[in-house]
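Got a structure for you, written out below as structure tokens; questions coming shortly.
We just call them A, B and C in the order they show up, numbering each chain from 1.
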Amino acid sequence: MTSQEMAASNSNPGTLAGWVESRVRLVVEQASYAYSASAPSAPNFTLGPVTFSARQREIVGILGPNASGKSTLLSVIAGEVKALSGRVELDGKRSADLSLRDRAQRIAIVHQESNLLFPLRVWQYVLQGRYPYGRRLRFENEADCLMAENALAQVGAEHLTDRRMDELSGGERQRVVLARALAQQPQLLLLDEPTRYLDIGGKVELMRRLRRLSEENRYTAVVVTHELNLAAEFFDAVVLLQGGKCVGAGKPQDVYRRELLEEVFKTQLEVEKTATGRPRVILRGQEENDHEDKEAQSDSADAKSESGGTDAPVS
Amino acid sequence: MRPLTPKRITWICVGLAAILFVIVVFSLEVGASPISVTDVVKTLLRGAAAMFTGNWGTIPPSNKLIVFGLRLPRVALAVLVGAALSVSGASFQALLRNPLADPYVLGVSSGAALGAIFSLAWFPHFPWTMQLLAFVGALLTIAAVYFLGRRGGQLDSTTLLLAGIVAASFLSAIIMFLMTTLSGRDLRGMAFWLMGDLATPPALRLRFLFIVLLIAIGAIYTTASDLNLILTGEREAHHLGVNVARVKLVVYVGASLLTGLAVSVSGAIGYVGLLIPHVMRMFFGSDYRLLIPASALGGAIALALADTLARTIVAPVELPVGAMTAAIGAPVFIYLLRRRLT
Amino acid sequence: MRRATALNLFGAAMLLCGANSSSFALAQNAQERPKQPVRRVIDEVGRSVDVPAQVNRIVTLAPNLAEIIYALGAEDHLVGVSEYTDHPPAAKEKPSIGMPVNPSLEAIVGAKPDLVLATTSINLVKTVDTLARLGVPAYTTDPHTIEGTLRSITDIGDVIGSSHEATALVANLQARLDALQTKLKSEKPVRVLFVVWEQPLQSVGDNTFIADALHWAGAESAIHTKQNWPTISLEEVVKLNPDYIVYAENQMGDDSNGSSLPAGIRPAIARHLDELRNQPVWRDLSAVREGHIAIVDDEIQVPAPGLIDSIEQLARELHPAVFSPQSVSHVSSVPRTWHSIPSEAVSCVR
């Protein structure tokens, strides 16, 4: 779904329905966290304060170089750890204060697929997503099976229902893991680098699916990723972290500024706009840099005699 | 999609229980003085009836002593120990996330063995001190390994496994030291303890031990759904709402108690706790809501059969039951290994 | 919690049966046999045992006990023996009840014994406990020394109703021991390394039977320790430099036709000597250089009458000068006499 179509499908904010739908779901305000290797010594990593919010059907990306605190931020949002200051609220409730069960019914974390010790069938795995609903020792009923089937259908993996988990390919397993998270019927979906082991086709497919799912089921999704361009294309907002500090939060076109990105990622970049108005980040190669410098030098030498020329060199 | 239902569990358990019953009748029939199957069944039924009416006179005397005095207690003990070891093995395999885990991997049997040696060395003539001290040794080891196996306030699988292995080695070293420096007489009883022995009736009444068994298995069973989730990853399970720390504690204590119980009354019988869960998984899948009762029954069947074979194959010489379980268990283990590789 | 109710019911039935069985068995056992007068005796480990007045069926749980029964002339009452009971050879015909360490309780009970004999030398406490629980009288002997063995023979004789034969046998054996002591009175004890096992090298401690037997044979072990079967290093042996090296071997099997034992021993000694002379360190020991190797029948480890024969044989090997030549030719401990000997016959036969 392109952003144009998405923009068109949003309800008019002026109507009551639109007002309901635009209510903020996830609020992260001045949330900060710090941890250290051993308790008595000073914290050797501090995160935050970070502020952003997200509505239903919105996808927020968390970006930044390695070790900038992206996964920590995700843990704070998930309520795994309690923010040291500020608040993290989901539908008005602090996520860290929720009981394990309540949290599991609202927040679903999509993990990297882990090594399963004993062979498990896909449907058994997805059915586990129903655990937060019901008594501790419970047997799944028809409603549960329906939800699980539904979840598998939503990720386009019904044909994998009876297969064994260890027989699936990377992309198939990713879908199944997502299906289990969907079976939890969450309000908030959290994903930590979901495209890490996928090829470019798989990455795009996942993003499209995420977009569609959050649209259809009104999820709010927060995705930690390294994929700058996919984030720019598919997400509604991004939070840019550097060394634990939030250096930018907002729409991609507002956050992707060339100087900021070059500063954060410490590499030569170029930012341009696509047809839909979304930014796109492009690498600048070394030879082109040298070439441009030389050109710039010779340009300035002949500046008096030259006129016109292109505005911005496209490299 | 065919989710597990209580009905399916019940049917499978009934089937396994039927097999167990057949094995038990077989065990009661064979021996130094064989009694025919019909006589066994008649004796059992009359005995069951006599428990209510109090009239024991209808059963022929020789059958009474042999069946009720000797064979039945022995088979009952095999059922108890087999069930305890299998459930314990299955639980440790989940807790430690390791398919090679068995009931003894956390050192409980070494602690019990040390207790047994103590009793042989210093209280040789008191009846049943061996079982009591073995159980005390087991309890102390459970506590020690628990405290060693914690990380960040809760049990950590890797740390626990390492702590258990270290404890087992250390205790084994002490045992070897004692076995060489103490007088020779004690060695014999110890060797037998190490090979497993179901011939000695336990110190406490069997009915009490069965109650303890059912309580421990029941406690572990309440975490069966949780274990299924934990097997896909502890963090994942936590995010699905499982109280991972609590589940690990319950399973650790329950399974260790089962091991301690089994080992105190019968010595260290090997292979049962390791293999029966794998065999049951092969037949019934690895859902712990079914695996736990299936392992209990499967272990009972296996050990009852092994013990009967051990005491009849070269009668009147009785082979140690641990040798029998190893002789049958090792080929089964090899078969399972090969199956996994193909 | 969903467990198969069938399993629960079955388990309950099983455990109730099993749990009731032992008390039941005790009650029933009394009903099974015709009411016999019993007397309460205290056995050698301090347990009280209710022994029937008439002991007609005996089961022994160790080879030495069977040997004693034969020596007391009560072998017709012997209805069950442990495996490897082959002293005397006739014992091999008796029905077996399993190994001494883990006998088949069923076989024991099936033999309907009036009395079961056990010994602390090899049987386990729990075997005797279980038999007691089942209502089977089990008497345990506890011989630690040669004198203790004689006492055990007396005790066993009392318990099975052969006191007369026991007294005679013990008197005979005691007389032989006394005679031996007299002969060796003026001799210095020979320092001996008693080799129980070669790889690793194991000898005997002070509290063992063998140590006591060595004393009676006019020898003493060069090793002194509280451990029963100490493993020793070759260095230790060199330091101690024993006068004799003694091995224990089973002689009975080879000499069943009754040929004189020395003929059987000499080749065995020669074999050992050859081996030792080929090994470094060993060959430099004075005992090896002088050929002072002795072999003794392994009955020396068994608390039974045959023990005395072994002691005498060892004494002759270690103190050849003391024993007159005609005694040497009559020296054979084979054939063993398995019946009690009137005391006046002692000097002739031996």
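The rule we apply is simple: a contact is a pair of C-beta atoms (placed from the backbone, for glycine too) under 8 Å apart; a residue touches a chain by one contact, two chains touch by 3 or more.
Computed from a predicted model, the values in this text were never measured in an experiment.
Student: Decide which interface, B-C or A-B, involves more C-beta pairs in contact, and give its chain pair.
Tutor: B-C
Student: Using only alpha carbons, which chain's centroid is the nearest to the whole structure's centroid?
Tutor: Central chain: B.
Student: Once you find the CA centre of chain A and the CA centre of chain C, what distance in Å lies between them?
Tutor: Centre-to-centre distance between chain A and chain C: 83 Å.
Student: Would you mind pulling out the distance in Å between where the CA atoms of chain A average out and where those of chain B do?
Tutor: 49
Student: Quick one: chain B and chain C, Cα centre-to-centre, how many Å?
Tutor: Using C-alpha averages as centres, the distance is 38 Å.
Student: For chain A, what residues touch not just one other chain but two or more?
Tutor: 137
Student: By the touch rule stated above, which residues of chain B touch at least two different other chains?
Tutor: 6, 221-222, 289
Student: Please list all residues of chain C that touch 2 or more other chains.
Tutor: As it turns out, chain C has residues touching two or more other chains at 1.
Student: Considering only the defined contacts, which chain B positions touch chain A in the complex?
Tutor: On the chain B side, the touching residues are 1, 3-6, 93, 97-99, 221-226, 228-229, 231-233, 235-236, 238-243, 281, 286-287, 289.
Student: In the complex of these two chains, what residues of chain C are touching chain B?
Tutor: Those residues of chain C that touch chain B are 1-8, 10-22, 24-25, 28-29, 31-32, 45-46, 83, 96-99, 101-107, 109-110, 120-122, 124-126, 129-130, 133-134, 205, 207, 226-229, 231.
Student: So in the complex, the part of chain A that touches chain B is made up of which residues?
Tutor: 78, 80, 100-101, 103-105, 107-109, 111, 114, 116-120, 123-125, 127-129, 131-132, 136-140, 144-145, 148-149, 161-162, 184
Student: Which residues of chain B touch chain C in their complex?
Tutor: 6, 9-10, 13-14, 17, 20-21, 24, 31-33, 44, 47-48, 51, 56, 61-62, 64-66, 68-73, 75-77, 79-80, 124-125, 127-128, 130, 180-185, 188-189, 192, 197, 199-201, 205-210, 214, 218, 221-222, 289, 293, 296-297, 311, 315-318, 320
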